[in-house]
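Each of the next two complexes has chain A plus one other chain: chain B in the first, chain C in the second.
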Partner chain A sequence: MASSIIDPSIQKQLVVPGTILTNDTSNFMRGHGTYSDTTRNHLKASIAGVVNKVDRLLCVEPIENTRYLGEVGHVVIGRVLKVDQSRWVVDIQSRLDAYLPLASVNLPGGENRRRIEDDERNMRQYLKEGDLFSAEIQQIYQDGTLALQTRNLRYGKLGEGILVHVRSSLVKRTKNHFHSLPCGASVIRGCNGSIWICPPASTSSDTNSVDTGGYVKNIESVSIDVRKTIVRLSNCIRILNQLGLQIFDTSIMDIYELSSDYEIDDLIQPKIIQTISKHLQQQKGIINGGGEVSGGNGVDPYSHHMKEE
Partner chain B sequence: MEQPDECFDALQFAVDLDISEKKFSNTDEKVYISKSLINQANGSSYIELASTKVTCAIYGPRETSSTSDESYSKCLLETSIKFSPFARSHRIDPRLIQYDNDEDCEESELCSRLEEALLPCILLHKYPKSQIDIIIDIIEDDGQHLLSAIILSATVALIDACIELYDTVVAKSLKKNNSLFTLCYMPNLAQVSCLFFDGETTLKELDDLTDEAVKQCQLLHKAICKVVINDLKSAVVLNRKAI
Partner chain C sequence: MTTAMDTSSVMKHKRNELTSTSTTDYISGFDLISIEGYRQDGRKNDELRNFRVSFNVVPDADGSCYMEHGNCKLLATIYGPYEGESRSNQEQAVITCDFSMTSYCVSERRLRTFGDMKSQKLQMAIQRVFQQAVITETYPKSQIDIYLKILQSDGNDYCPCVNATTLAFINAGIPMKDFVCSSTVGYVQNKCIIDLNQQEEQQKSPQLTLTIMPQREDIVALSCESRVHHDIYNEMLDAATRANLQLFNLMKQAVFQQLKTALHVL
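Entry: the complex of A and B
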């Protein structure tokens, strides 16, 4: 039986594992999702996806990439799994757990305080098992393990709010992942697909964090209006996830404004999500040269944003 | 028995193969393949082969709790297979089924066969310090196709989970005179990853069984490819990528 060789114009072809991409291994470089069969001098696909050819680099990209792949500088939201000796083990919804070394956090008493032995024994007073916090990826070890750091005052333990899990590929990589939305709430978009929505940061908690290094979080009671805003925002982000749209501050606010016609608990119903999607297409369709209202026309209404980047 | 709408006869794909009426082939065998059923799992599938029905869920790759030396260089595979009480004509009491330590247990034997079939096909060196959990539920077992349905469902679920494979593995079970022959085949590499035989036969019959199984595996491979590519097409539309 002939092996499934696909035609030379392999760009954008859909393949299954084992499909031969090229016989000419000398001219092509191997990218993600491929492997080279040296006995037969073939380059083959190892996952099911779409072939992407950039000059001499051949790679196969999965359509819905399920696992988060970290890069240095990404903002992530993680949950502490274990308190190890001088580091915390963190779950960031990726293939491997990440580490937060004790040397990479701000200790109470100021940033440049000398570290003492007692710090190791008091680690649980800062972060214990089950705590959520935001951090930045500091470096990636050879086996893929990520090392986090919370040296900036923006990062640290998270207090009251809602955590929403979305596909990590939908979280748009921008310069700023901490947003203070005009509707009256704050959002942290973690690149690993965890999005944190919380009450707006008030000025009093800023002075707190200078002194305590992000240890103590504001736990005063949240008013019912702010709670409603936060829940509405979480449903809007879930709608963006379901529609497969990029998640950033403008897109969240667009859906939030379109959702104001509906009750908060109606926003999870499929029919209403369809209606909102149509309204969004109509809104953005003008910029894209007029798209059809139906969902599957293959055009992302936010694609013009990506071209500007 | 009613079949789901998308059932097809595997022989209909035999367009470029030299297929003639054979003693072993059974044209009443229908195949149904579906994937991405279980949302919480990274990959999942549901396979019907004749009247054997099997579902598979894959979690991973994720951090391994094992501290053995080999876990630092490659991925570990943890398999778990469970029979439903109503899977066979006689009820299987779930309380009587032992795990792990019982050597007579059919479930643990199926687990080791599945591992033997799949380990050569996964790029284990790409996932150090991780493990892949494969959980298989047997909904119905017709006595012949169980092992091949298990291996097929695991393959489709691995493809759904975007775990790197050398090839799309297919397996075919043939029954002849009370002996059961299962072949696990990688079509693009033209390699057999494993072969199981329970029973008594002559060498020539074994050769014939192998040839027949290879041909039927190639048909099944076409069926799996068709399903996977169709799913990819609808995923592409859903993800609004311009193709």
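Entry: the complex of A and C
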């Protein structure tokens, strides 16, 4: 009736839920974003997006707005929801909660400490409800639940700073997710779309030492200049998110430099975002960090978007 | 969901005996369809009301859509899937629906904007429809919340709610078997008119509400709360299906438009 069969040989084809991808179910495999309609023996799209065919595997890749899908090794930033028996339940913007077992954290006193009942009782001393921390995904279980680990002194509780949420698709996995930016602030890019901006770490060397295991944070006051830098950076990241640009340390700095003409609180006004994006295009067309300002073909990618906003 | 197929004495006279000038068709002193064949708001019999959608209107939600269908204006928002409470199902996602109206959405100011009988029924109906349409098995132990807010009402609230929720689900990237389209059909002056507005709906003419999955050719829900002859009933069913297909094309276009915009920006 209203459905049409798409030609699987054509790449980059847009589909909507219910579009028939193929009626040759024996020759194709069902990937993400597809389902098989058993009554009619069809393979159909279940989400709106771009068809991707890898050999015999048919997938539909969503373009925007999907929940974070964890991968082993991703650096994430999570918030403790509750303290469970020998594990913390953590919200990482995924479709299910993640767990941080007591066995996969560094406890004060060194690497090879035995975890005893006392530690289990004192879990709240390290992380309590509402605390933010950075971690790495250690394992993904069958049902999609994630297990985290913080067995590295880079990871641990977060102290003073700002958390900005962006689309998780904009944070790509790279070698390093901990950046200390030249403008005088540190940034942790969580793959789950949580970006943490904090004062540079150099002043407080004691925080990430073996003695405390990274669970004690100093709360000394931050100077007003550093605070302004941090707030400006947070607005720069929001701009990148609105423009749909990949978030790298380089792309953040690009926007940061362009933003110097404006007051911090003016930055996220739609008009100014538009001007900044135009400047950015004129300047490079492509951002150095690999975040490509796509579109091309004579179409101004921003003019479209702004109308939608 | 009642399907009144009429065999009773009321409709014993044959249909072809009715003429377009039959006095029974005049309900409140005016014609719903003019002699020239136009309805009160200037539409043809098989013409939909204006349809306009914009996506991503609620930035914090997983999916959202603002829809204008004729004079009906509403906001559909999806949160989830997230880990639900302990009562949630281990095998598949649980869908909940919250329907509310603004106090200014109808001509007379509403004192109660949520939780009345009507909205509870509507909530249940939408929940049931989308429990079928969404592939809930992909999200075990999860919960998905639908929030619907009518900003301006134009007769039937159920149909625009279903359509807007479909689009919000697509915007959220939650896997669905198909679109879900819903529309109403009325029978006045021996003609089927599709996509009734408030004025047309208030007439005491037979009405039928059909919810389908257009590409699968499945009927999800069907309700007809008046007595009609089965010939008319079939005619109305056909008209409703055609209306839903028209609507489906509009919805599909809107989704494609959004995809293209997003592709350019990303």
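FYI, the second predicted complex is superposed on the first by the 270 of 309 C-alpha atoms of A that agree within 3 Å, B and C clash if a C-alpha of one lies under 4 Å from a C-alpha of the other, contacts with A are read in each partner's own complex, and residues count from 1 in each chain.
What we mean here is this: a contact is a pair of C-beta atoms (placed from the backbone, for glycine too) under 8 Å apart; a residue touches a chain by one contact, two chains touch by 3 or more.
All of these numbers come straight from a predicted model, not from anything done at the bench.
In the overlay built on the shared chain, the residue A:L14 is in contact with chain B and with chain C. In the overlay built on the shared chain, the residue A:Q274 is in contact with neither chain B nor chain C. Common to the chain B-facing and chain C-facing surfaces of chain A are residues 1-3, 14, 16-20, 33, 35, 37, 44, 46-50, 62-67, 95-97, 143-144, 244, 299. The residues of chain A lying in touch with chain B in their complex are 1-4, 12, 14, 16-20, 33, 35, 37, 44, 46-50, 62-67, 95-97, 143-145, 244-245, 296, 298-300. Looking at the complex, you find that chain A touches chain C at residues 1-3, 14, 16-20, 33, 35, 37, 44, 46-50, 62-67, 95-97, 143-144, 169, 243-244, 294-295, 299, 301-302, 304-305, 308. Those residues of chain C that touch chain A in the complex are listed here as 54-56, 62-63, 80-83, 135, 139-142, 170-179, 213-217, 245, 248-249, 252, 255-256, 259-266.
Within the complex formed with chain A, the residues of chain B that make contact are 16-17, 42-43, 60-63, 72, 123, 127-130, 159, 161-168, 186-190, 218, 224-225, 228-229, 232-233, 235-243.
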